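To keep things clear, I will list the structure first and then write my remarks on it.
The letters A, B, C and D name the chains in turn, as written, and every chain counts its residues from 1.
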Amino acid sequence: MATLGLVGLGKMGGNMRTRIRNAGHTVVGYDRNPDLADVHSLQEMVDALPSPKIVWLMVPAGDPTLSTIMELGDLLGEGDVVIDGGNSKYTDDAENAAYLATKGIGFVDCGTSGGVWGLQNGYALMFGGSDADVAKVQWAFDALKPADTTDGCVHAGRTPGAGHFAKMVHNGIEYAMMQAYAEGWELLDKVDIVENVPEVFASWRTGTVVRSWLLDLLVDQLHADEHLDKIAGYAEDSGEGRWTVEAAIDNAVPMPAISASLFARFSSRQDDSPAMKAIAAMRNGFGGHAVRSE
Amino acid sequence: MATLGLVGLGKMGGNMRTRIRNAGHTVVGYDRNPDLADVHSLQEMVDALPSPKIVWLMVPAGDPTLSTIMELGDLLGEGDVVIDGGNSKYTDDAENAAYLATKGIGFVDCGTSGGVWGLQNGYALMFGGSDADVAKVQWAFDALKPADTTDGCVHAGRTPGAGHFAKMVHNGIEYAMMQAYAEGWELLDKVDIVENVPEVFASWRTGTVVRSWLLDLLVDQLHADEHLDKIAGYAEDSGEGRWTVEAAIDNAVPMPAISASLFARFSSRQDDSPAMKAIAAMRNGFGGHAVRSE
Amino acid sequence: MATLGLVGLGKMGGNMRTRIRNAGHTVVGYDRNPDLADVHSLQEMVDALPSPKIVWLMVPAGDPTLSTIMELGDLLGEGDVVIDGGNSKYTDDAENAAYLATKGIGFVDCGTSGGVWGLQNGYALMFGGSDADVAKVQWAFDALKPADTTDGCVHAGRTPGAGHFAKMVHNGIEYAMMQAYAEGWELLDKVDIVENVPEVFASWRTGTVVRSWLLDLLVDQLHADEHLDKIAGYAEDSGEGRWTVEAAIDNAVPMPAISASLFARFSSRQDDSPAMKAIAAMRNGFGGHAVRSE
Amino acid sequence: MATLGLVGLGKMGGNMRTRIRNAGHTVVGYDRNPDLADVHSLQEMVDALPSPKIVWLMVPAGDPTLSTIMELGDLLGEGDVVIDGGNSKYTDDAENAAYLATKGIGFVDCGTSGGVWGLQNGYALMFGGSDADVAKVQWAFDALKPADTTDGCVHAGRTPGAGHFAKMVHNGIEYAMMQAYAEGWELLDKVDIVENVPEVFASWRTGTVVRSWLLDLLVDQLHADEHLDKIAGYAEDSGEGRWTVEAAIDNAVPMPAISASLFARFSSRQDDSPAMKAIAAMRNGFGGHAVRSE
């Protein structure tokens, strides 16, 4: 049995702590919120770990992750390993790995999928890093991954960022899959010919080409609220979708469906479309088409 | 000088009557609204025309055009010609031409562009029909088209529908051109780096690759309302954009930009996006992401 | 145990005959290819059926289905039922149902999903028709559908075409789901950072948001041919994707991802893109950019 | 009359030198290619300029521009001004301006449009920089811009990058406008109903909503090669289109048409679509659809 330092004990990190403990390991968890934390500081957490010290971060991407890594660089030492299990951009990983390497500290980046279901079903893990660093933390991956399968856990590459890159593309695919169901549902729900749309979606769960876990989730939601009347048509995006399209552009990869899905989310968050104001303005200019006033 | 029967004297038809009269011809105009009409009935209009009788329709596409043609089939005869100058779908033209042909009546379909500017600048005309039918009505085209140019007037083909097909594609192109400016404007207006967006657009009117009449119109609107605050982001579509995409699908022609422009209009008319409700529902299902309530 | 007349014994129809027979029923199969058929004519097939006679069509959509229904209209009678289980357009169903109704013959339209896996796993069935007609053929649905589940079989609506409409949307969703995986795979395969792309896809089969049957299939293919070197980037489309987008346009439903997926298939079948010829021509015109000659 | 140092004398820079000289000014041009250059080194060029020394760069974006600016930082001094008139990314401008500011050297970024037509018609200029720096170089803008209009020349903002940002969006708009014409042309050219497609496009040059300079260029090309048989469907992209979409993503601006236009160019450069290989693989997996072999 091993011991893990875990930084970030929100909804996701807290459940991961539980799953690792359920596997028989020790977790020393730190969070800025003392109500969630096992220890009062990163220093205290690090002091509680045996060598090689293994620290897993579940901290928001960007500055929070960066500053935590900077601080750990001063607390950890030769042979220790930091795992960034958050949603960092893959380009951040190279910088973080290089910084920690100057201190002799290893680095593994890990894209973590699982949401609220991970505690029960296991987390899907895509990680990048050297074979040596991965070997030191494999026990934690084994505790977190889904049981009874070789799936759900992959060493994506030895270059820092390989794991987050794989997870990023996973999320890009997820965007377009969700958009696929959403467009189909809108059409079915709008046209009168199909009488019981939730039952049609439910029927698709077996024997069809479109069966998937996302379909299962959508069916549950439709059974609770047939026309989704209680839910606003508003969707956030978490960054990975944007980065996926940016990576596609950098590499001259056509990505029409995933980008369309991303743009649909952007549109959903606009009360009024500025672009459509311009369209209305031009139509008024050439055709005298009446515009709607704000 | 010649005489034209003109059916439909709305904003567009009324201006066309004026332009043809300005060219020295006689127009006998009929409209269901007696305040606009020169005569009280189609019968009276037809009676006032010399042979071969030439009747130009500016009637809403679909049933109104169809029923007017049915009626004219009984009033006109061998050698007369009907011009459908409205926004009919090109597939309607073949049927209308075939019906009139059973009576010996010729048929020319004509896509008419010009909007509120046509009276002054002339109308762009794209027409389809036999050489013989076109020859009988060329004088009317000459009166309506822009002066001092061979542009603005084209015999697109001899098959009924050629003119409306050309006009339909014109409008499809127009949709995506407008969307191009609109997307660029939204980005420029949103980002702070450019201080005077209307002046940037104005500057583009000379020497750039994007100079066009649509740009001129947009500049006028931006000069009147810098951020288009008074205009809602809401755009109707008139049918031609839909038919263009449908024709593309029928012919396996990829049409990503024009279809995106059409869909952006559809979205602009939704208070809330049903598809995005489904996206929000699925995100809630797998990640516990909060949804916004209606 | 009951008896079914089955017309069309190709790959799909042949397997369906086997599955129905495996359920203990009798199938009298007719096909224009005598090597596949149990009887020599539609007449002989109909004669072999007890009343009410139930005939299932698995015939190509459009004219072949139409002509078969016309012929069956003369062979069947009051109280018999025809099931169109092929890929007919939903708008054809209303016409076919109306024609058969003049003879007192019932009609059920059924979208059938299952491909080469249906014989073993069961077929997913989405059908439309009156409760009375459906009741007469439910035994056949029960034989064909997946076992041990209430999924895979749904009475989508009582209007003719409800089943084919549901199946059409299913296929539209399928197009965009496939496009989602395809875009993600292209990016992962092109960028060097991830070393073993098939293993990443394989890992996604458990615990991730993108797990699905389509993913399972893609993993099998990637395990056989890591970079898909042996497969050309060429995809047919079967009609349902086109109809889905057309139905969306008819109903003003934005459908950016599914339409992008359809257009990507169109593009895949072009040796050279005409649109891109026009782009290259314009670039040459304004910038002197060299064009590639054919 | 004033004197300008001009670095980069390719097709674009060379014509700009001529236009400035035609306006009566002196240009000292440097290029790495001695056949094009007036002087043998940047040093020699700088020595030949009166103070305040004004240097205009027409150097490829990225490293070449960066290294030239580094070198000029050592050659120029307090009160001199560098204009980057190339196609630099707007985010580079802030860094370059900050570096030069440490030496007291001013910086103006200028997006330059005009292509092969600029020498004759003038260049459209969009520039960013402080009022003081712009005042020092306004004479050069006046020489380059189109004559007899206040258009074609705009001080987009005082933040470094404002000019290149405006030019970048101009090019993004250009991409989608070109795509609009290209999609429409492909449809018209493919369908038989319109007999003379070049004449239809030519007719649109007057009186229509789609009239533009790009249309004029396309008509010239179609008159030379009706079906564009001699041109391959292959289009490069120069960076600004990519950056436009990236800026849209950074700012949550939906940009479906411009991104579709960018992706169409990416696709045009692929002999075979990897994504479509994956589609074909999945179709083979579920339906036994034959794949085309490479």
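Just so we're on the same page, contacts are C-beta pairs under 8 Å (C-beta built on N, C-alpha and C of every residue); 3 or more make two chains touch, one makes a residue touch a chain.
Just so we're clear, the structure is a prediction, and the values are computed from it rather than from any experiment.
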| item | value |
| --- | --- |
| Where chain C and chain D overlap in contact partners, by chain label | A, B |
| Which of A-B and A-C has more C-beta contact pairs | A-C |
| Most remote chain, CA-based centroid, reference being chain D | C |
| Same-residue or different-residue interface between chain A and chain D, half as cut-off | same |
| Whole-Å gap separating chain A and chain C, where each centre is the average of the chain's CA atoms | 34 |
| Gap in Å, rounded to a whole number, between the CA centres of chain D and chain A | 37 |
| Chain centre separation (chain A, chain B; CA means) in Å | 47 |
| For chain C, residues that touch 2 or more chains besides their own | 115, 179, 181, 183, 186, 190, 209, 213-214, 253-256, 260, 263-264, 267, 270, 273, 275, 286 |
| Contact set on chain A toward chain B in their complex | 11, 115-117, 178-179, 181-183, 185-186, 189-190, 213-214, 217-218, 220-222, 225, 228-236, 256, 260, 264-265, 267-268, 270, 272-289, 291-294 |
| Residue ranges of chain C in contact with chain B within the complex | 209, 242, 245-246, 249-250, 252-256, 259-260, 262-264, 266-267, 269-270, 273, 275, 286 |
| Residues of chain C defined as touching chain A within the complex | 90, 113-115, 118, 121-126, 128, 145-146, 149, 151-159, 161-162, 165-166, 169-177, 179-181, 183-184, 186-188, 190-196, 199-200, 202-215, 244, 247-248, 251, 253-258, 260-261, 263-264 |
